[in-house]
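The structures come next, written out as structure tokens.
Across the two complexes that follow, chain A remains constant while its partner is chain B and subsequently chain C.
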Partner chain A sequence: MNHAVGKATVAVAGSVDWRDRLYRFYNSQAFVAFLFLLVPVLLLAALKIWPVFYNLYLSFTRYELFEPPRFVGLKNYNYVFSNKTAFQSIINTLLFTIEAVPIGTALALIIAKLLDQSIRGRVFLRTLYYLPVVSSVVVSAMIWRWIYSPQHGLLNYLLGIVGIPPQNWLNDPNLALISLVIVTIWGSIGSNMVIFLAGLQDIPKDILEAARVDGANPVQSFLLITVPLMRPVILFVVVTFTISIFRNFGLIFMLTQGGPFNRTNTMVWEVYQNVFGYLRLGRGAAISVVMLVIVLALTLISFRVLRERQGA
Partner chain B sequence: MSTKLSRREFLKIASITGAATGFTVLGVQPIAAQADGGEFSLAMVDWSDPVQAAFEETIIPRFVEENPGSSVTINWTNWGRYNEEMTTAFASGVTPDVFQGGAVWAPQMARRGWAVPLNDFISADAEWDWDDFPDGLKADVTIRGDIVAVPYRQDLRTLWYNKEMLAEAGFDEAPATWDEFLAVAQATTVRDGAGFDVEGYHFSDGSGNWQRDWQPFLMWVHMADGKFLNDDLTTCALDQPEALEALEWLVALVHEHAVTSYPGLDPQGDLNVLAARNAAMQLSSADMERVINLYAPDEKESIYPALPLTGRAQATHSWVNKFFVSSQTSDATASWSFLRFMTRKDMLEVYSASNNNTPPRLSLLEAEYMSEKHKVVLESAVYARTFPQHHNLIALFRPIAAELEQALSGIKAPADALVDATAAINEILADD
Partner chain C sequence: MADLSLARNAHGSFTTREARLPLIITYVFLIIGAIVMIMPFVWMISTSVKPDREIFGDTIRWIPTELDLQNYSDAFKQTNMPRIFANTIVVTAVAVASQVLLGSMAGYVFARLHFRGKMLIFFALLTTMMVPFEVLIIPVFLLIKFFPLAGGNDILGQGGTGLINTLGGVMFPNFVSVFGVFLFRQFYLSFPKEIEEAAIVDGCSRIGVYWRILVPNSKPVMGTMALFAFLWSWNDFLWPLVVVKEDSLKTIQLGLSVFDQEQGTAWAELMAASVMAVVPVILLYIFLQRFLVSGGITSGIKG
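So, the complex of A and B:
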């Protein structure tokens, strides 16, 4: 009997405790904060997280919009790695990344370092380098299409002055990808430069001063002090730049449409072709998943390389 | 003084916001559902200033006049983004009641069930006169017995040439056969070192989308009496001798005879290569005349069309553009009445004249706007072939586009390119 009463007492006390805690939470600022957070969290879940998982589900199906998705196992993944065009899109994307990220990052860092000096026209030059970032990708592509035009282009005109024959920049299979890399680097230097400039402000001036007193020249100071101290920022730029290259659609759409010979057919263009061109949403989803895995792998490698060196 | 939001106020604001969002979402009706009560929506991809003026100043006002209380909303777009727009519109259930589509759209729309079959409407409407449309065009929009669209334009391509250039080279008439064509092309080509001042024949532009080579190649395949797919649409026929003859011929034009460059010369702004006097001959549609009249009036007396060339066959290709009634329209009968109005003889004449389109109605052959040049283009209709009625043509075109680039660049032998293209296309067909 006593035992039973004891249980009831504990139960009532537990219930009171639960209600009391809920009441206190309801009256706290944390509840208001929770409600404020609820909206963006729900939006994030609905617009970002759910589509990722739905995409993963679609990658195992054949789905053409006009009939329900049909489970096909790993067939779409088999397509990604066995179809010549789809597999070439992976190679092209990796080539694009390998060509653009190191050069683009290094150039942005060097320019940021130069524009971090007290030189005349510094603000003007920073603005100039940043201008491509605020330009629409369509406008940029139109300008570069004219620059690259084989017959009437500025680039061939300039090359002609020094006796180099005209090149078919966007239609030559050996030049098309590198032509896109140049435009991509041109378009990204401004934003990467701003990030590097912010990072450079955090480097203690006394270290640079001490190096100078010890006889280090500007190049040594840059390579042996600035670059190592900037590793976290470089890591950030490398990762975000890599992601932006994987997502680079506008330039390809405007300039090459994946050609010539599929040499600029990147993964994102292949997704677009499969989804909107052929209505093969399952294949597009599978390529997206592979793309996600590659980006994650490249990010992890970047973290590892740059962090290890930082530790060393 | 800081203004702090009380819990009660926050909840009130959140409730109002939530309710407003909910009502907004619920209030968003598919455009098609608004077709009731005479409200129509139309997607137009065939955009230009004159077409827009024809619709907004003549065709739509006339429709509203004849159907009091009606209103029409037009979404003007372009080919570059049209496929995505319509695909996402169908996926979201917000398609317009009536929409335009391209040459390969009829089997695709039929397969997806996205177009309302029009047989009953058409058979019950003798006055509108379906028999006024040529048989080839009617066949192009009839999929397994269902009429899924109505043509509004036939994009017939034939040989256009610069009469002055040919005369200077000693030719009084346009070529009619492949051999004559080669002789003219060789005589009119003007080389500048490794490049060209004038291509005797302009095959395709240097830049452009992936269809730039495939489209003219297809016409040469027709002239060689070849096919893209076999008759039952189950295998690709590009590895057959006829298609190989066409590709070997084109490769020879580029590399052996050097009468056309690859990649080809680019247009100069609005001036295509022929209009800019950078070529003596080109396969094109009546749009060539529109371009010359607008942007190169000095060339009006020098550039003319001729009937299609004869290889094994005298043939060309016609890209048939059409109007569909969306399966998502809330009132198919009303939408048909709108489509019917736009494709009525008088309205089609207004539309076709605005853009120098080649009309799909036989009774418009003598329309006032049809110039003598345009009539020659129209004469080509009897030699025109259309696409096979496969629902996945865009996917099938892609392998041949990539292989053509390699063959025309001299990287791959024509036979190998066609065998590889055929294998890739057959793989897609088998997976279908």
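So, the complex of A and C:
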């Protein structure tokens, strides 16, 4: 706090005027803002803004790392939509979403509704449901690989008790995607549940009470009042859940590596394969751009819905 | 009438008189669900302390007949566990410290200071929150590879390997999170201005206000940020996979995944290693979960 003294001195002697000016510069909003924002803004520009544009540029080039990128027009996009494997990755990502999101969202909402009452052990149960979210994708994948193991896996053992023959979960072309969907739902219920629990607080209690007085049973009350009132939150969860599936690389890497027969080859895996497997950076960039466009469209939808919700 | 129904009960939540399922059905459903959720973890722990003959026996034993901790020491020996843990701790600690510091500084600027172009920068950062890291992996990889004056690179980033295969390369994308900037901004916006104004009247500088008043008072939001940064960094897989080639630089998730491929089906050691990777995270979560809940809503759009 020396400058307080400094200021007082300035008032007496004009000769130290430059110290006052220096202090005023040092204490100006613009200088402090510059000083504090310099590092974060430079980092984010390099890591988040420049890459979007450079990725777009690369998607129009042929680039194999050892020579500079060469412009090839729309060739990479043509490849993405006409090559069987690349196009399959888009279809697989959509299939993955369609299989995981409706069931996963419904389960999370039901669990949130059941946990949204003052019952004994509520906090403990909530913690248990959230645990898979905290665990890393690698650890989760590792555990599930062991559960899915054809010879000594837990799942085949449990199914054997009820007379279902053992399955080769991760290597059967008809089961591989479903097996990943199960792990994904298991791993996401906790985070979606937390969002739903927050959303449930906003439902006016007197509407639910009025429904009960009018003779609605719990199931009717849930389906006819809670679900319609939660529509914006449900859409938000659907969108963020979908984006998390688009981003899910670790599970594919650990469990199936895109196989068997490309059945679990999603877009994020196709990018990784093209770039770090075949060194075709241009093609990888084109698939990334397609992914980014879908993700941005979904995010904008969810923002719009959230804004409507706040306005209402 | 409505007011009566809003009376708080002993648990602090509102008593409602809405139609509820009978308690017994609620419990049966919730407990079965919870068992399914934690069964994989129980199975992991069970496998990790079992001798091999019980792992590959004909019947499933949840509780092993004898406790066999051999798997843990084997897991430790077969991979360079101490080194892997040290790498992970360094990378995570730097990410946590840096995201808390840079997030709080930028958050303060956006919450309190006014200057030309502020809204432009703010919305540019806001937009980047919508872009998942996975779709930017190629340019960010190139940035790290052609990083000027690192790993034998010249000033133009040519000639060497840049930050590839260095811990710095692993850390680089995790120095700052936009989520953190917004978290701190929201917190500082709700912080009473009067205290700062009083300090300024008393002759405190802006940086002094930030350092002596805002920083000491933002422990809850720092806890939230630290916990998220910890989880992201500790559990990060794709980026270390892309950047690190050498065993001595691997982080825990990477070490685990490679361990898996090299060892084939050494399930017991694998589960032991998994337990070691996940226990610090679960402990931290259980002790700090109050921080997670407050920030959990926004976690859908992390980055």
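As a working rule, the second predicted complex is superposed on the first by the 251 of 312 C-alpha atoms of A that agree within 3 Å, B and C clash if a C-alpha of one lies under 4 Å from a C-alpha of the other, contacts with A are read in each partner's own complex, and residues count from 1 in each chain.
To be clear about the criterion, contacts are C-beta pairs under 8 Å (C-beta built on N, C-alpha and C of every residue); 3 or more make two chains touch, one makes a residue touch a chain.
Predicted, not measured: the structure shown is a model, and the values here were computed from it.
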First (chain B), second (chain C), both or neither touched by A:276: both
Chain B versus chain C as contact partner of A:212, first or second or both or neither: second
Chain B versus chain C as contact partner of A:77, first or second or both or neither: neither
Chain A residues touched - chain C or chain B, whichever exceeds: C
Chain B versus chain C as contact partner of A:196, first or second or both or neither: neither
First, second, both or neither for A:152, with chain B first and chain C second: both
Which of chain B and chain C A:96 touches, first, second, both or neither: neither
Chain B versus chain C as contact partner of A:299, first or second or both or neither: second
Contacts of A:32 with chain B and chain C, given as first, second, both or neither: both
Which superposed partner A:169 touches (first chain B, second chain C, both, neither): neither
Residues of chain A contacting chain B in one complex and chain C in the other: 26-27, 32, 35-36, 145, 149, 151-152, 276
For the chain A and chain B complex, residues of the former touching the latter: 26-27, 31-32, 35-36, 64-66, 84-85, 145, 149-152, 165-166, 168, 170-171, 173, 257-262, 273, 276-280
Interface residues, chain B side, partner chain A - complex: 5, 7, 10-11, 14, 83-84, 87, 90-91, 111-114, 194-195, 206-207, 209-210, 263, 265-266, 268, 392, 394-395, 398-399, 402, 405-406, 409, 411, 424
Complex contact set, residues of chain C against chain A: 1-2, 5-6, 9-11, 13-21, 23, 26-27, 29-31, 33-34, 36-41, 43-44, 47, 55-56, 60, 102-103, 105-106, 108-109, 113-116, 118, 121, 124-125, 128, 130-143, 172-173, 175-176, 178, 181, 202-208, 210, 231, 234-235, 237-238, 241-242, 253, 256-257, 260, 265, 267, 270-271, 274, 277-278, 281-282, 285-286, 289, 293, 296-297, 299-301, 303
In the complex with chain C, residue positions of chain A that touch it: 1, 3-4, 7, 23, 26-27, 29-30, 32-33, 35-37, 39-41, 43-44, 46-52, 54-55, 58, 107, 110-111, 114-115, 117-119, 122, 125, 127-132, 134-140, 142-147, 149, 151-152, 154, 157, 186, 189-191, 194-195, 198, 205-206, 208-209, 211-212, 216-218, 220-221, 236-237, 240, 243-244, 246-247, 249-250, 253-254, 268, 271-272, 275-276, 281, 284-285, 288-289, 291-292, 295-296, 299-300
